[in-house]
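Got a structure here, written out as structure tokens. Questions coming.
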């Protein structure tokens, strides 16, 4: 959680300095959910994350260096400058890279689970959407099919009260988004998304069910988007008292209190971990900044896995028929 | 008298039509208090109220379906997609429902779909689409693509008044680039190209983003003694083949330019048509400049490499002039 | 109901004789739902039906003549041969004509309700989908938005146990499809779709709620598709005992018993009504068969409400530039 | 040795690949016991079991999303759309997800989407689509369109083995029309046109349904002393421009034919490319024959009026030969 938070704080800095460009979405406020849902995943389980899931990327092994290379659009980044932000997940990893179209990864996550079953692996799949993305039909289609096929998918709705500027009151009219679970024939639960322990427990239950062949689970995790939609957004539409109230529920502080109360980690130890993390992040930024940018020409590479040069139709002056 | 940007012109057209005609209303994501992702609808909620500025959940197919339903009942919805890319989520409503209604049942569907389109803004693969060819290939839809603030206003006025579904492609790249005097702008009839620059040595046929690039290229070539005629089509369905053929009568050379990817783009239609209709009048092959056949990369230099610009247009014109 | 059933029996005959061509879907088994949900609609209310809703078409005033003209693809039919079967609903009527893409009319129905509210009419909207069509995202999006907007839409799910060859067990995993209502924040109810009185009561309650501004309702009406998906389908995939059992619940016979028991109508009176209906249907068939077929050329008409001849790009030999 | 129809050839390719490669599986609506709307997957469930013949709820976006998910995990899904028209419901998964995966992340998406396409079967506006231009304009997808049973088999074998997403357009009109000997059919490499008939007076470039119509027209013209070369492109992305240019070298005259509507169809791309590359070799303008720009009407004679056929091709060739 702390790595996620601190990376994103630095991402914001770098965005402000114009070093990171494009949309700048962070998961600040969402760390408990993102981290604690990914934490119980086994090595072979698969993560299909969304745009505020820095936490689960970190849990699943994406390093600060990889993350900074990606954010800084370096040639060394996973998408080599072709795509940006958390759109990460290379071949061979157990992370499937997202596209921007909301809810479109939900059916993909179901397909992953289907494939894993067919391949004889008993893998669970974790995928997340926001409160806003629940309104898209794709999410509905995915939940329904996962339930019919009894696939071990955990669908997490990160209900952070807003979808861009749209408050949940304009997004849906049910009480809890987990009320939708019954309509698909799967269990649903709403948890306090600022409480990592509660989230963790719920996720673990879901994976246990999934592995037992009991099918998918829907978890609504309630938290708050602590910043604007993207960093360019001043989020004036969020009432300031709501925001202030929320900061009292900062998932990281809550978890720190928990660690302290349960004597898992002292403040001193936390400070030292924090320092290590900061150090690692700064190193990562240095490494990424020193890395080369992709060449402009590489923008035209890799559209296909397999393409023969003669398939490309010539344009303009210079061409000859092959003999 | 004040000058207005392209996006201000869009807003002005919306306000004027909504004032003039109580049937006109806006519908889309974040278009209310927030005023839309690009602020096209800023202040409209306050001015016209919730009944006429309808904030929706995130669901593009829904927005389009609702617009169809409202249109067939006699209203005149103007639907905003947050980015043109997301219209793909509601594609079937346009490709099969809106476009066939009048054909099947004689029922008029007076709706406008506003699509913030195009690249050169670092938007990456999911926020840079030029989707016109999906719609120019769909009989029953009209497609317009203004290149200036004046045309943005005039074409939006006509689009709203038109009894058929109109796809209105607006260019993010142009939103705040240039200003026009909007005084006296009236509804611009469809199917009339504008000659953005006169010339007799070659004709550029283009629309939207690439009009200003073509003009810049023409300017450079003028210094070298070539007079390039630049035709801004303004509307693609219908498109003004007559003005183009007349121009070719004079110049004998045509370059077709658009920002969308080359293969199967609308430029193919234009080039094929001109090469046929003006076969005897051509002194050189009809050439095309368009984006390379790739998704749009996020990193700026890669994006520039992939998309057309004034230099590429100039180079292609030079080739053409020397043919 | 009896009109619906008897028209469809004749449609099947005509299909077998090759007089009606194309897909041949009937609502046999579904009459109670289709008729009884439409029955309580007021004149100004709007029907957005689907492919087995012969019953509601009849209730809403489509005559046997109109229906036969449409099915026989006559020039006098509503779609003039351009479209077929129940895709009916001309401008000015309070029936909105469907497209084949399943669930696509659900958002349209919501748009109709939105428009009606905006136009100051307190109209209710009735729309139906099958059990299969509930799986499409469009249905979800429509339910959700109708609930957010508190629109007076009655969504009826005709659960007739099959979607083409697919039994409900492969379509969804919840107990009752009305369980989905809670997830949208609307009331839901499952009714016996073979019992016209029960369906009628439920529908009336829904409209009353709707008119009071209490928003949409979801009704699952359970019945059986008594024939194949289309008449070419031998529906071998339906266990024969299931079908036989079902015929004991024929909605028409049930309603006839009801009429008798409540002394509304004697068997004698029913026979006489039946004869009148048959007579009317035969007359309608005669009229439709005597009507002219559409001209082949009319296949190209009416794509747009407004189209100038000069907008059409010439192809082939003969064209001249206008002066 | 027995001969097989086009649809049998498709089924044979599926069976062979599923036997050869355990990663190959089918997914779609009604494809299990029922064997698919057109019986392409008949018997496959019995042969390969539920794990490899996956019946889905009705949700095309879901099917495509699931296929993507399975493909990125190393399986080789073959997704069936019941009709090509319904792929519009899942358009965004193809246009943005499948098509960009390799570009973004280097992740291969070896999936095939089977699209029962085309008209001349009285299908009306919602069951007659030739959707190729939606996909030929989407970099990252490959597009194939066989015209004979042998090619149907050979191209499906290659499509399944291809590491990129392949849109496989199959023609309902051809399903049961002609038979080929399938003995010895191997995977056909993409990007190689076949010369369906040799000739020296004019070249027809076409694919899919219109190949046999072009051959019929060529036959008629042969009786009048004209030898027409008919090129069947077979694959559209990539397409074999070289074979076409070589043919034009010989004939100097080209007619491009497809069944999709004319404006902005793939024929525009072909015609524009040839008119450019072969500018000096053309004795006449490159002409096109395609469907009129309308939805496909249901009534047979209207449909024939709107769609291309042998007579229209012959007439256009006559014009061209006399040019």
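We call the chains A, B, C and D, going by the order they appear; numbering starts again at 1 in every chain.
In this section, a contact is a pair of C-beta atoms (placed from the backbone, for glycine too) under 8 Å apart; a residue touches a chain by one contact, two chains touch by 3 or more.
Not measured: the values here are computed from a predicted model.
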For this session: Could you compare the number of C-beta pairs in contact for C-D with that for A-D and name the larger?
Result: A-D
For this session: Compute the centre of every chain as the mean of its C-alpha atoms, then state which one is farthest from the centre of chain A.
Result: C
Exercise. Rounded to the nearest whole Å, what is the centre-to-centre distance of chain C and chain D, using the mean of the C-alpha atoms as each centre?
Worked result: 34
Exercise. Roughly how far is chain B from chain C, going centre to centre by Cα mean, in whole Å?
Worked result: 38
Exercise. In whole angstrom, how far does the Cα centroid of chain A sit from the Cα centroid of chain C?
Worked result: 43
Problem set entry | Overlap residues in chain D, where contacts from two or more other chains coincide | 56-57, 59, 61-62, 85-86, 88-89, 92, 96, 100, 103-104, 125-126, 139-140, 263, 273, 276-277, 287-288, 293-295
For this session: For chain A, jot down the residues that touch at least 2 other chains.
Result: 79, 82-83, 99-101, 135-138, 141, 144-145, 148, 170-172, 303, 313, 315
Problem set entry | chain C-touching residues of chain B, taken from the complex the two chains share | 25, 51-52, 54, 56-57, 59, 61-62, 64-75, 77, 92-93, 96-97, 100-108, 139-140, 142, 162-164, 190-191, 238-239, 241-242, 245-246, 273, 276-277
Exercise. Which chain C residues qualify as touching chain A in the complex?
Worked result: 135-141, 144-145, 147-148, 150, 169-175, 177, 179-186, 215
Seminar exercise, completed: Touching chain A in the complex, chain B uses residues 29-30, 32-34, 37, 55-59, 61-62, 85-86, 88-89, 122-127, 262-263, 287-288, 292-295, 297-306, 316, 319
Seminar exercise, completed: Interface with chain D, chain A side, in the complex: residues 46, 48, 78-79, 82-83, 87-91, 96-97, 99-101, 104-119, 137-138, 141-142, 144-145, 148, 302-308, 310-315, 319, 321-322
For this session: Within their complex, state which residues of chain C touch chain D.
Result: 21-23, 73, 79, 81-84, 99-102, 132-133, 135-138, 163-166, 170-172, 237, 293-300, 303, 313, 315-317
